[in-house]
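In structure tokens below, several structures.
What follows is chain A paired twice: with chain B in the first complex and chain C in the second.
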Partner chain A sequence: MTPSMKSSATKIVALIALIGLALVPVIGSRAMVQDLFMVLTMLVLALNWNMLAGFAGLVSVGQQAFVGIGAYGMFAAVILWGLDPLIGIVVGGIVAMALSIPVAFFAFRLNGAYFAIGTWVASETVRLLVAQWKALGGGTGTSLPKGTTKDMFGVDVIKDLIDGSSSAAADALTYWLALALAAATLLAGYMFLRSRMGLGLQAIRDNAEAAKSVGVDPTRLKALVFVLCAFGTGICGALLFIQITRVTPDAAFSVVDWTAFVIFITVIGGIGTLPGPIVGVIVFYALQRTLADYGTVYLIVLGLIGISVMLFARKGLWGMFSARTGIDLLSLRHPAPRRP
Partner chain B sequence: MSLLKLDNVSKSFGMLKVTDSVSFEVAKGEALGIIGPNGAGKSTLFNLITGNIAPDEGAVYLDGVDMTRKPAMSRVQAGVGRSFQIPQPFTHLSVFENLLVAANFGGGHHGHAADDFCMDILDQTGLAGVADATSGSLSLLQRKRLELARAMATSPKVILLDEIAGGLTEGECVSLIQTIKSIHASGTSIIWIEHVLHALTSVVERLMVLNFGKMLMIGDPAEVMDSPQVKEIYLGIEV
Partner chain C sequence: MIWLDTIVQGILLGGLYALFAAGLSLVFGIMRLVNLAHGDLIVLAAFLILTIVSALGLNPFLGALLAMPVMFGAGWLLQTYVLNRVLGDDILPPLLVTFGLSVVIQNGLLEGFSADSQKLSAGPIEAASLPLGPVTVGVMPLLTLISAILVIFALNQLFYRTRLGRAFRATSDDAVTAGLMGIRPRNVFAIATGVAMVVATIAALYLGMRANFDPTIGPARLIYAFEAVIIGGLGSLWGTLAGGIVIGVAQALGAAVNPEWQILSGHIAFILVLLVRPRGLFPRAND
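== the complex of A and B ==
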């Protein structure tokens, strides 16, 4: 296959997958819609974390700060300002982006493991502050007012479309938003990495000193990625908690749910590769389905698999597959122009 | 006004004074050679000019602008391009992409113009055949050529070349000299650290000798090479 055939084949497969997923609320069960909603939102978080850790070398374990503040931003928009939750999603993204600036200011002074710890400390600080926010329930949290999600913009139309209840329609709406967000995040990530900034980022990843010596400013590029990923993560947090409808500081700023699982997904799928998080989230979901009844054993198995992949297949399942077969989907390479 | 000026630049690593009150100027379009024994502080001098290392004392000017506190990336954008003595390619990027980064960020070239600009340099440096190869897979000689090519891609006003001729065959050396002469002919200033003296002296207009971090001498290459001091220190010949 020529590269252009391969790329059209990729596009066709992606389009079929997208259409298939888009049809789920129409033809699938509600449980399936809810399950896949979680899968898609985890994918969004993983794509963002992969961009940070896999491409910008920013190993953050504080991304729950942006999930949490995104969720609280959305709740504030709905409860305090009476806005539609869908507008609340945008508010959540913007608030997360605003928060990322002081976090970056603090954490970017630190390197490696200290950066990771610094982001976690920042997140804990924000969690403690939010727990003081009485208007949104303080430490015990709060719920969206009854009927909020059923009154969301678009639910009526969807209700007729899928011929179901208002809550099923609300689920379908959040599901489609998650699908759109996942697709947009993947596309934006791909386009960013293919751009000159993405090339600069890959140069920094290979050799930071040499990158500076050809004019790349590592701090500036990394800060840009950090802020953009906070925006994506915040939007995802807001969307997640529209579906969950109830928020507490502990749930919204959970390091296990929004960062540990996300790291697992990215690492087993293939950190620093674009298809990695997609593979990872599929494996994660399959494991969750098969092991969910075993309680803590489930977490132990996840941990063991994560460690084995880190030890024996450092580029993850996708990296291993790609190295064996030579298949490079969503390639970031810039081929040299052919000249006579 | 000179293009590049160093004013009493000093640098120590611990107790070791590696650069000792060095002052010199390079005019626009001039080619300066630097020689000196291993460990004399030649590469460190480059790092001080490019901003990879900060000096303890003294100042570095480009086009009359004080660059001493500017980070490496601003100096590249202002026109200081460099090669590393030990090649530092972006190993996961292709040869072409290595140049593309430099052209985009250092040289201010964008889009198709950047592509063409990089391909011209690859042609000129004999790397066009491996343009799509991962730079991590190159031989040492090819990596050295890539160092030169990548420095050229930053569109420098002054290009700093650190021992790029070592280990070349006679034929390769001739083509390298040709490439450097054509850089020179295009009006770019050159500072070239080199042990391969015949290559160096066939290009440069002035020669500097560095020993124990001190600038011993600077001037006409033939006169410098003839001086008893240089023969003794640099070539280890008792006079």
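== the complex of A and C ==
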């Protein structure tokens, strides 16, 4: 196959997958819609974290700050200002982006591994501050007013479309938003990495000195990626908590739910590759279904797989597959220019 | 007078945080390894002491003495078979491996010991106090601070007065050249992690005697330890003690104003120190 045929084959497969997933609320059960919603939101978080750690070299353990502040931004928009939750999602994303600027200002002073600790401390600080926000329930949190999700813009139309209850329609709406967000994040990531700036980013990762010598500004590029990923993560957090409908500081800023799982998904699937998080989230979901009854064993297994991957196959399952078969979907390579 | 009392209690609390942090500081100083599982390893040591104490009916201090060689062995094995494989220029693998380890240890302990709170009982010494001029201090917090100072003094002696310490410093400065001089860096790293685990056992002893612990508290303790290491300046052991005291005093002052602000004021102190001095209070000259 020529590269152009390969890339059009990829496009067709991606389009079929997208249509298949989009049809789930119409033909599938509600439980399936809710399950896939969680999978898609985890995928969005993993894509964002992969962009930070896998491509920009920013190993953040504090992404839960942006999930949490996104969720609280949405709750504030709905409860305090009486806006539609869908507008709340955008508010959540913008608030998260605004928060990322002071966090970056602080954490970018710390080198390498200590950047991870800096983001973690920043996230804990935000959690403790939000717990002081009495209007949104302080440390015990608050719920969305009853019926808010059923009154969301578009729920009525969807209700007729899927011929179900208002709650099922609300689930379908959040599901489609999650699907759109995942597709948009993947596409934006691909386009960014193929762009001039993305090339600069990968050049920094491979050799910072050489990249600087040809005019790439590492700090500016990394800060840009950090802020954009905070936006994506914040939107995803707001969307997650529309579905969950109840927010507490501990749940919204949970390091296990929004960062540990996300790290394992990315590492197992293949850090620094674009299809990696997709493979990772499928493995994660399969493991979760199989080991759901065992609680802590599930986390032990995840941890051990993560460690093994780092010890024996740095590029994860996708990297292994790609190296064995030569198949390279969503390739970031640029073909060498032809000789004239 | 209440302020003086608060500050003294804060300094004593800082001793505990310095003990948590000393092992981290040692490992970072020698091999630039950031161990995200350190907090969980301390909790693991606390459960080990608890098991020894309840099986043999010993005093916790004696129990800790027995736990030390076991933890040294565990650290040696961990470094030799896992961490040595991931050390290198890329910071990602060691971070992710220790992160995975943290999750595995935490949930392994939950599986083995359940989520119940435990405590190491040290008898009447727990409630004893000493009048010290205008303030009264608990014997246990005072003992913690003294132990922290002794541990850091001993580590410094080890570093600057012994053959092993010379190997530590040489490997830290330049592992390749140290290798040419007949030092095996991987062995040195394994011993260093073993020593760090002995220090972690001492930290676990005081953690367990001073308050309740359960398998999930590791990460919260780890965050204070990291703050102490970073505030002190990477690689400086006395700096780590100073860092622990800064966090301890900030937390005590915050708690005196409003109990909900204790942890928050520790974090804010950390952020403020780094905004003024990005490399900490006592950074080493070369990195």
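The criterion applied here is as follows: the second predicted complex is superposed on the first by the 337 of 340 C-alpha atoms of A that agree within 3 Å, B and C clash if a C-alpha of one lies under 4 Å from a C-alpha of the other, contacts with A are read in each partner's own complex, and residues count from 1 in each chain.
Here is the rule we use: a contact is a pair of C-beta atoms (placed from the backbone, for glycine too) under 8 Å apart; a residue touches a chain by one contact, two chains touch by 3 or more.
Predicted model only: the values in this text are computed from it and were never measured.
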item	value
When chain B and chain C are modelled together on chain A, clash or fit	fit
Cα-centre angle that chain B and chain C span when viewed from chain A, reported as a multiple of 10 degrees	80
Touching partner for A:120 - first (chain B), second (chain C), both, neither	second
Contacts of A:310 with chain B and chain C, given as first, second, both or neither	second
Comparing the two partners chain B and chain C, which touches a greater set of residues in chain A	C
Chain B versus chain C as contact partner of A:324, first or second or both or neither	neither
Contacts of A:206 with chain B and chain C, given as first, second, both or neither	first
Which superposed partner A:134 touches (first chain B, second chain C, both, neither)	neither
Chain C versus chain B - closest C-alpha approach in the superposed model, Å	10
Residues of chain A at both interfaces, chain B in one complex, chain C in the other	none
Chain A contact footprint on chain B (complex, rising order)	50-52, 71-73, 76-77, 82, 84, 88-98, 100-102, 104-107, 110, 115-116, 118-119, 122, 128, 131-132, 150, 153-154
Residues on chain C engaged by chain A in the complex (per definition of touch)	32, 34, 36, 82, 85-86, 91-97, 99-104, 106-108, 110-111, 219, 223, 226-227, 230, 234, 260, 263-264, 267-268, 270-271, 274-275, 278
In the complex with chain B, residue positions of chain A that touch it	196, 199-200, 202-203, 205-207, 209-217, 333-337, 339
Interfacial residue positions of chain A with respect to chain C in the complex	53, 57, 59, 61, 106, 109-110, 112-114, 116-118, 120-122, 124-125, 128-129, 131-132, 139, 255, 260, 263-264, 267, 271, 296-297, 299-300, 302-304, 306-307, 310-311, 314
